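The two complexes that follow have chain A in common; it is paired with chain B in the first and with chain C in the second.
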Partner chain A sequence: MSRRTKSPSGVIDAPLDVAAQAKAREEGRPSVRDGRLKTYEPGANVGRFLELLGRRVSRPLAVSLTACVHCGRCAESCHYFLARPDDPTMTPVWKADQIRKIFKRHVDWTGRVAPWWAKAGTPDGDEDLNRLKNVVFGACSACRRCTFNCPMGVDTALLVRFTRGLLTELGIVPEGVFNVSRDQWETGNQMAVTETDFLETIEWMRDDLRAELGPGADIPVDRPDCDILYTINPREIKFDPRSIAHAARIFHAAGASWTLPKWGWDQTNFGLFSGDDALGAYVSRNLYEAAERLRARRIVISECGHGYRSTRWEGYTWSGYDQKLPTESIVAVLRRYLEEGRIVVDPGRNLEPVTFHDSCNIARSGDLVEEPRQVLRRVCADFREMHPNRQENFCCTGGGGLLAMAEYRPLRLEAGKVKAEQLKATEAALVCTMCHNCIDGLGDVIKHYHLPMRVVQVLELVSRALVLPAGS
Partner chain B sequence: MPIIESEGLRIEVNEEGFLAHPEEWTEEMAKVLAKAEEGLDELTPEHWAVVRFIRGYYAEKSLAPMVRKMCQATGFPLMKIYDLFPSGPAKGACKVAGLPKPDGCV
Partner chain C sequence: MSNLLRTFENEVQLAALAFMGLVYALRLVWIFRFRVGRERTVAVGREGAGTGYSLMNIAMPWAMESTRTHPGRYLEFVVLHLGIAAAIAASFIIPYGPGLFETAWVRGIFRAFIAAAGLAGLARLARRLTNPVLREISSPDDYFSLVFLIVWLAAGVLALPDRPAAGEGPLLAFFGLTAFLLVYVPFSKIGHYLYYPFSRIYLGRTLGHRGAWPPAAAKSAGAGPARKGAA
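Up next, the complex of A and B:
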């Protein structure tokens, strides 16, 4: 690209690694074979990139591509720039300009007529596309804090996701994103959990639950006509089913009618991260269809940021599905149970000071802001806000799928400086969040910056405070 | 990639501390990884029971086992796994057992 800026962070010049893609081709993976998942072929990718760019630019994208006045307000809202204030390549505007200049050169008339004035540019070859990949996947967690602080309404994260989608279509994508997309396409869940393994784990959790609460307690699977279809993050079933047990205890105490589906239970969606709307549509549709198949009255999403955004908001558009059932977060359900008196809690069981971290996809992109606070004030003795909070909170560092991209971790942790300062100032012992990505993102920040804190989820605190009726 | 040097070993790991070359894993490496990544000074027979099971499962299926399988094979209750490996089954136990980083939101 003309006027190439070398990034001092080192991330942007990292080479393209397509070993996982070569392996998937060699194995004849079904998702690669039938073209759902694209793999990288060296050669004429720039032409294809430009063709896709021209075809896919929508009106909201065009606004974000043209409305920027380069005022610099976004810089101070970005945790990458705040951690590296001497590095211009960390500003959201610089990152957005990398796609903006290509748009100007090839789509917008200003760059065609006067490219020098419009600062238009074109990618030279695959190496430039790979640099673009490192910008949009490696140097932005798509947290949308800059979007909320832009006086012109430029949605930089929208541009980032759009660009990710174009690159994913060419196989120019981080290995982690490729692998998870492959598993989600082929098995319907991002950790390739088989149905047998899923059912076995649930059975085991059910036995434990009955040992505690008696034979009436249950974790139903595929039960029709329930009020709640409960959907989870695959890491809950594969590595950490404690959160399923917490939810089951609370549902039991509230006398809820609920079920997990045996297909369509993965509410996470790597389509949001990779920019692949087709994957987004496939995964969200699985959930909507499960709810219809089982005649559930609502879909409830366990604590997960991007899963909430994908299922509750974006999935409706991606899938084009006539989704009429309400879709909500488990935290909204907990708040209702507390309000209606369906569960009784004792805040005396959560005495440590607790602060709350807003997940980007839940607060900024999901508009679920007060519900978790209302719950925490009821179940904790000492709840305190961190600052800034709500829609202005900073990213945990793990947004945008960055936890699945180990290669960008050093920069991600460096950018966690702001989050670490925010956490430290609260002097809380526990930081609560309603997102699995945030658990790991915050956990990494806590470890890296040596903070005396632990990460918990809303379900864990509510389950701990739950007073079970005598005799159960 | 970063290198962990200890006990006369040079271990190449990825940015998250998972072995870069899982096939080169040895029990000596497990001890170094446990110390460096999990802060465990010593691996007890209980740790080894979990680690050996994961290793065997991975050798057979090239996959990290579900935590259910770890508990089934060792007879430990779920909470025991977290007591043994503070970072949990994926980032703790699988890492010490020399598996590559499991894919997905972990």
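Up next, the complex of A and C:
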């Protein structure tokens, strides 16, 4: 690690906080006891890190580690660098170089021959690994914008996730990453929602729905042989159950056959953020097996950026599970319902100016760019683009699991400057996004930069515009 | 022509070329030793289209914000690489097709390309030395590769054979530097063209599979295999 470069933010020197890890060990938490969740042990971490590095590098990673020519074209694509244009440590290339130099020194024989010539190096000890942790967890939201702007096709976001995974194996992680991983390992969901909480919240929403639509309306749980297995974000249970009610209203209006599973309902996956493929596999397998168990014909993912990417794409690879069922976002379903005339909407019910924020995990690492726009144009009277948009959109600041890492919040909000400018220029009253992380990330930016707007989701706008059949 | 120059133009070049080929072969073996995961999802888009888009990205300055918003830098990139290609071509034409350079305008075009590339290289070097961000990320190899390329391109301009009075010196210098370049390239950043197809293909294949590349309009169906009776 380069010691002569210090980030003025101090993020790179943030200490390793292992209090939660020590407590989990003391309490004998099951995920720690059985070794699924690693905790930090001072000592031979550099050796173990190098051993893991050599063993886990894949070919796409190896070429991303060797192909960089240090042209610096990635710098201006990064919202961290745009907020701190005089700080080289905020450039994607500098961040990627922190793992690249270790790779060159220990895996790539060109760096072994003359390490100083290629700036190859070895971490001196745990202190250096902690600094590496702060770079890959604290100064990058893995939004992949730099990847899309690299002339060589270097996938820096992939390198960041890979490095996070190595450090997670050593317990050298931010406290928030440890806590959320622990919860997801032990309860099957990121927010430690118990089965009772889950069922009670659903019951509450079901009662509200029936009060509005009549006794025929339902939010089914564990109903077999449905067309749709609907999977959600635990944030919907904990903080925003109305989004489940919105989906239920629309499914009811469309006459859909659907169910939530009692187990395997969490479509989010902290393994994507921590780089822990084993956690990624565990969570996604829970969900795929729920669909099999209930003989569902389709998996539908509620609005969530990383959840969509994890469940639709990465989860199948992590879990070694060949895709058997159609797996899609609720937004794709909404678009289909509108196209097929299964739901009727009145855009006059959404009169405020609305703009759309593309989630990084959906637009750059997934495939849904036009679909949400097609839906919004049908349900909003005044839809306007922000610029840049689609695959060139900037991160909400909350990507990469950063919302769970409080120690990096000041830098994250500072880096939100470009997002704030984007939002402000639209003069919209509502910013719509199809991601729960983005709701909180954008909410933080809006509050921090005093913007007169609020965040909504596609489901909310469609539900608001929904014209229910007479008698409902 | 002296024996020394003849040897430089032929045996030395071929030996250097063979060495480069050998190191590249070893490099390819090294790259292929790393595993590649199996894709388990059903494609939304076409991997071939994504790969093609990814590989051609460099020829589409409008496709990336980083090139679209800096047309001057993109032009510099094109000029540098065309000039390098011209200099490499010259190192073969001089010994094996000297007749081509007997035409003044052909020599002129080659010289213009090579000289322009040298200027582009100088601009890059100046930027790398003066921009604190670029300085921080640069390694000794980054500086040396650039300086060496500039010197080699300058030698190329001087070596084009229309100045017999200058003697064999410029040619000896050009072919000596070319031989060194061939030997040094696989160990330096200049060898990035070897990795370019790999990094581009893997990225393009993944994003093509997911329907993200090439950027396209909404898909009518893309969720994967349907089970009978699905809504």
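As a convention for this text, the second predicted complex is superposed on the first by the 468 of 472 C-alpha atoms of A that agree within 3 Å, B and C clash if a C-alpha of one lies under 4 Å from a C-alpha of the other, contacts with A are read in each partner's own complex, and residues count from 1 in each chain.
Just so we're on the same page, contacts are C-beta pairs under 8 Å (C-beta built on N, C-alpha and C of every residue); 3 or more make two chains touch, one makes a residue touch a chain.
Predicted model only: the values in this text are computed from it and were never measured.
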| item | value |
| --- | --- |
| Clash or fit, chain B versus chain C on superposed chain A | fit |
| Most chain A residues touched (candidates chain B, chain C) | C |
| First, second, both or neither for A:Arg242, with chain B first and chain C second | first |
| Touched partner set for A:Asn179, first chain B, second chain C, both or neither | first |
| First, second, both or neither for A:Glu195, with chain B first and chain C second | neither |
| Which superposed partner A:Glu127 touches (first chain B, second chain C, both, neither) | neither |
| Per-pair minimum CA distance [chain C against chain B, superposed on A] in Å | 25 |
| Footprint overlap on chain A, where chain B in one structure and chain C in the other make contact | none |
| Chain C-touching residues of chain A, taken from the complex the two chains share | 5, 57-64, 66-67, 69-70, 72-77, 86, 88-89, 91, 93-94, 97, 109-110, 113, 116-119, 147-155, 227-228, 256-257, 297-298, 312-313, 316-317, 320-328, 332, 335, 363-371, 374, 388, 390-392 |
| Touching residues (chain side chain C, partner chain A) in the complex | 30-32, 34-42, 44-45, 54, 57-58, 64-67, 69-70, 73, 77, 131-142, 144, 186-187, 189, 192, 195-196, 198-200, 202-204, 206, 210-212, 215, 217-219, 222-231 |
| Chain B residues touching chain A - in the complex, by the definition given at the top | 14-16, 18, 63-64, 66-69, 71-72, 77-78, 88-91, 101-106 |
| Chain A to chain B touching residues, read off their complex | 176, 179-180, 183, 190-193, 197, 200-201, 204, 208, 233-235, 237-242, 268, 403-404, 406-410, 436-437, 440 |
